[in-house]
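Naming follows writing order (A, B and C), and every chain is counted from residue 1.
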Amino acid sequence: MRARPMAFALLLLATTAPTAAAQEAYPARPITLVAPFPPGGVADLTARPVAAALEKVLKNPVGVVNKTGAAGAVGMQFVATSRPDGYTLLLALSSIAIIPEADKLFGRPPAFTVDQFVPLALISADPTILVVPADKPWRTARDFIEDARKRPGQISYSSSGIYGTLHMAMELLSHAADIKLRHLPTPGAGPAITAILGGHVEALASGPAAVIAHIQSGKLRPLASWGVERHPALPDVPTFKELGLPGAEFYIWAGVFAPKGTPAPVVARLESALRQAVAEPEFRGAMDKLKTPIAFRQGEEFRRFFDADARRLAEGVRRVGRVESK
Amino acid sequence: MTTDRAAGVVLALFGAWVLWESRALPLGTLRHPGPGYMPVALAVVLVVCALAIVSLGAGAPYVGAAGWGEWRHAVAIFGACAFAALALERLGYRLTVALVLVLLVGVLERRGPVGTLLFAVAIAAGTYFLFDTLLRVPLPRGPLGL
Amino acid sequence: MLETLQNLSLGFSVALSPTVLLYAFVGCVIGTLVGVLPGVGPLAGISLLLPVTFGLDATRAIVMLAGIYYGAMYGGSTTSILMRIPGEAASVMTCIDGYAMARKGRAGAALAIAAVGSYVAGTASIVGLMALAPPLAAFALRFGPPEYLALLTLGLLVLAYMSSGSMLKSLAMAALGLLLGMVGIDQMSGYFRFAYGLVELGDGLGVVPVAVGLFGLAEILATAGQPTPPGVIQPRFRELLPSRREWRESTLPIARGTVLGFLIGVIPGSAHIISSFVSYALEKRLSRHPEEFGQGAVAGVAGPESANNSATSGAFVPMLALGVPSGPIPAVMLAAMMVHGVAPGPLLIQQQPALFWGFIASMYVGNVVLLILNLPLVGLFVNLLRVPYSYLYPAILVFAILGVYAVNGSVVDVWIMLAMGVLGWVLRKLDFETAPIVLGVVLAPMIELSLRQSLAMSDGRYAIFIERPIAATLLAVGAVLVLLSLRTFVRRGRDWRARVVLAGKGEGP
């Protein structure tokens, strides 16, 4: 009696061989944009306006799906291994370059590699901002750096997780300024902000949108920015480049990728569609509300930006090394 | 072999296995515990408790007497659920659910074919409509669009 | 005081306007549905439905999301009581005594008490939110890793009171649960622990698949094959409502659960999940008949359910007063506000009074709506139990699989649920309790992280736990509790735990 259900089941499993994709004009089916972070996070909030604008331009449904887990690795691995037919795209953050490097560091097979993707467009690139609690004595970045040199390993900072974007930003600064800080990883950007607001740490490298409200209310003081140019919402905050530390350059950027092997005409279609999408007034309005300036780059420009960024981050990860073996 | 003894042995073995698997994780120091610290500590606690349970477990009822009568049924249910897990993303939600319900209600519980089929299709389509269409919770679609 | 009343009337005028009221109602209904679905809890519910709110204006979106949140907390108790499947992680404790009450034919009473307790707790905690938000939020922010660890250690002590049987067995189960919680990426060092190459396990096994598997699936595996299916209970209408004795027994637990849940909910982080566990332990400790717990004690339903609901308002305190994302759910709400152009922050109350007070007023309204929704539904839900078990349990299984899958869209979660289901079934046979496992899975990552974070903050000095006043106080309270229970343990004569064991064997006073 129990053999029948099993045989039935086996028969059904045998019929689940994937059906061959028919040749069709692109796009003919709904496209999925995978956001590898939970709803409400930076990647998710950027992905939705992108999807909406893309849908308008392509006149084809584009839906956002959150595939969360392992600081983005789950979603990124999902797209890296999905069929390269242009119907599964990824909205990735700068951590896409960090995760494979961290995997290499621990000697485990990488969840995915950067060359499993074809970069389509850079959407936004927010420089991180160095903030300290307002009741701390440092008024400028120089004060901070000098104090850090005097007391190596004493000044603590929080981050969104080890080898995460906020950690890497601080790491680049530490290397460029030749200082040593004490790192407190927290499970995400939210807890990192809570930690500094509660006075449990003394510094934080954060994406600007999350801390602007606290800067305006006087709880946090911005000291410097990791960008090449000053952030439009914080015109009085100098960049580390101005302060003579060009190595401290870091952006929390968001870009759209497709799996490698996506046919060239599909890639071209998507690239031009994205170019049109970011010009849509609704898209601009949505990004304004998020206080995230649009920094659109494509093709060769994006590739150069991406490669330089990936190289910086890979070096940073290698420099941090394995924390536990120190 | 009493229930307590059996459980204790299995738990002790599990704890030992965790200890073995943790050997690659650095222990760190008491002042800076590493990733292996807590797993090792907990595994030790588990093994100690398990051994204590084994040594005190003579008075517990025998394993056979614990009432395993429904095991065939339980295995069949588990099999159906396993099939669901395997098929969910390959066959799509609606087809998988309908099949699982047919398996459980029709084959295992031996209810009539008409009622079973109606029930299966109703639940599969109804929940899909409610969650995928109305609430926009993405549920997998199989090759047949189901 | 006058100003507060004025603000409230502003808020109510916003909240009771027809469209806002409609969205609150829709949110409550969706939340109840989401809550009733096993596994998908308020966080998953809000996250999944956040995109739906993008087309609305800020107030309506927030009101709807809050309605979903509340509705999910109300709805979570329904499946816990009727089918012993936790609607979300925080409803696990309701499964124990709520289901026992249902088996005794008191399902309607349990549902009603859960609904009323949730309503009282929800409303009272909103008052707390209104009155105490700024000072409480400032206090809450002072909870850093050392304070968190002290609090969670107290939570561990709760385990001692959860067990009705052998302490040793419960300790083993707790250790097992804590070990299971170690799976995943280590936050402090980046190592992948016990994940065997499965990226999906990076965030751990997940309390949802574990809880649904250990309680729901295990229950079905054990009951479905029984020669006599569970008796179909056919209650009359009068029996649907709690008796006077049951109401009396639930008053104090509801009050205690409200205060306790609110305080725990205020603390930033995910501690609010343990509010129901702590409430259960507290009620058991304070009860005159602790042997009833596990067999259908009213306090075992009233306390945890109230604690749950007031923890939700507590979680909003830091979010609204300071714009701080004090946990995953407030973080999603803050993001929703940002998307709609409302800048969250300490000035929110001043800059957006209509939004803030409208939100508060809509929470009152939402609680009333949910009470009105849930009480008549008690009759409907209890009638679901009349469906023959052969049809009922496959449907429940489908819902469980659907719920667990929907949280992350991951089949790996379904497999975890299956494995936990088998484990739970076997443990039942061998007479081990499964609730400590769930508590362990919840607590382990938080305890380890807080400990190592504290040591990172202090550069390895354990003295940090004594130097910080809040942490030191909490640890002192814990030490006192341990000493107290050791004293009763050592003292000659029957202590309450021995009574429990004896009562279980059918002897004793």
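Here, contacts are C-beta pairs under 8 Å (C-beta built on N, C-alpha and C of every residue); 3 or more make two chains touch, one makes a residue touch a chain.
What you are looking at is a predicted structure, and each value in this text was computed from that prediction instead of being measured.
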What chain sits nearest the middle when you go by CA atom centres? C
Most widely separated chain from chain B, with each centre as the mean of CA atoms: A
Averaging over Cα atoms per chain, report the distance between chain A and chain B in Å. 35
Could you tell me the distance, in whole angstrom, between the mean C-alpha positions of chain A and chain C? 32
Between chain B and chain C, tell me the centre distance in angstrom, where each centre is the average of that chain's C-alpha atoms. 22
Specify, in ascending order, the residues of chain B that touch 2 or more different other chains. 26, 34-35, 72, 80, 138
Would you please write down the residue numbers of chain A that are in contact with two or more other chains? 65, 324
Hey, what residues on chain C touch two or more of the other chains? 48, 51, 188-189, 191, 409, 456
Could you pull out which chain A residues touch chain C in their complex? 38-41, 44-45, 48, 64-71, 73-74, 77, 102, 105-106, 108-109, 111, 153, 156, 161-163, 182-188, 190-191, 193-195, 197-201, 209, 212-214, 216-217, 219, 286, 289-290, 322-324
Chain C contact footprint on chain B (complex, rising order): 3-4, 6-8, 11, 14-15, 18, 21, 25-26, 29, 31-35, 38-39, 42-43, 45-46, 49-50, 52-53, 56, 60-61, 63, 66-74, 77-78, 80-82, 84-85, 88-89, 93, 97, 100-101, 104-105, 109, 111, 119, 123-124, 127, 130-131, 135-139
Can you list the residues on chain C that touch chain B in the complex? 30, 33-34, 48-49, 51-52, 168-169, 171-172, 175-176, 178-179, 182, 186, 188-189, 191, 193-194, 217, 220-222, 224-227, 390-391, 393-395, 397-399, 401-402, 405-406, 409, 411, 414-415, 418, 421-422, 425, 427, 429-432, 444, 448, 451-452, 455-456, 460-462
For the complex, give me every residue of chain C touching chain A. 46-48, 50-51, 54, 141-145, 185, 187-192, 197, 199-200, 202-203, 268-269, 318, 322-328, 331-332, 334-336, 338-341, 343-347, 408-410, 449, 453, 456-457, 459
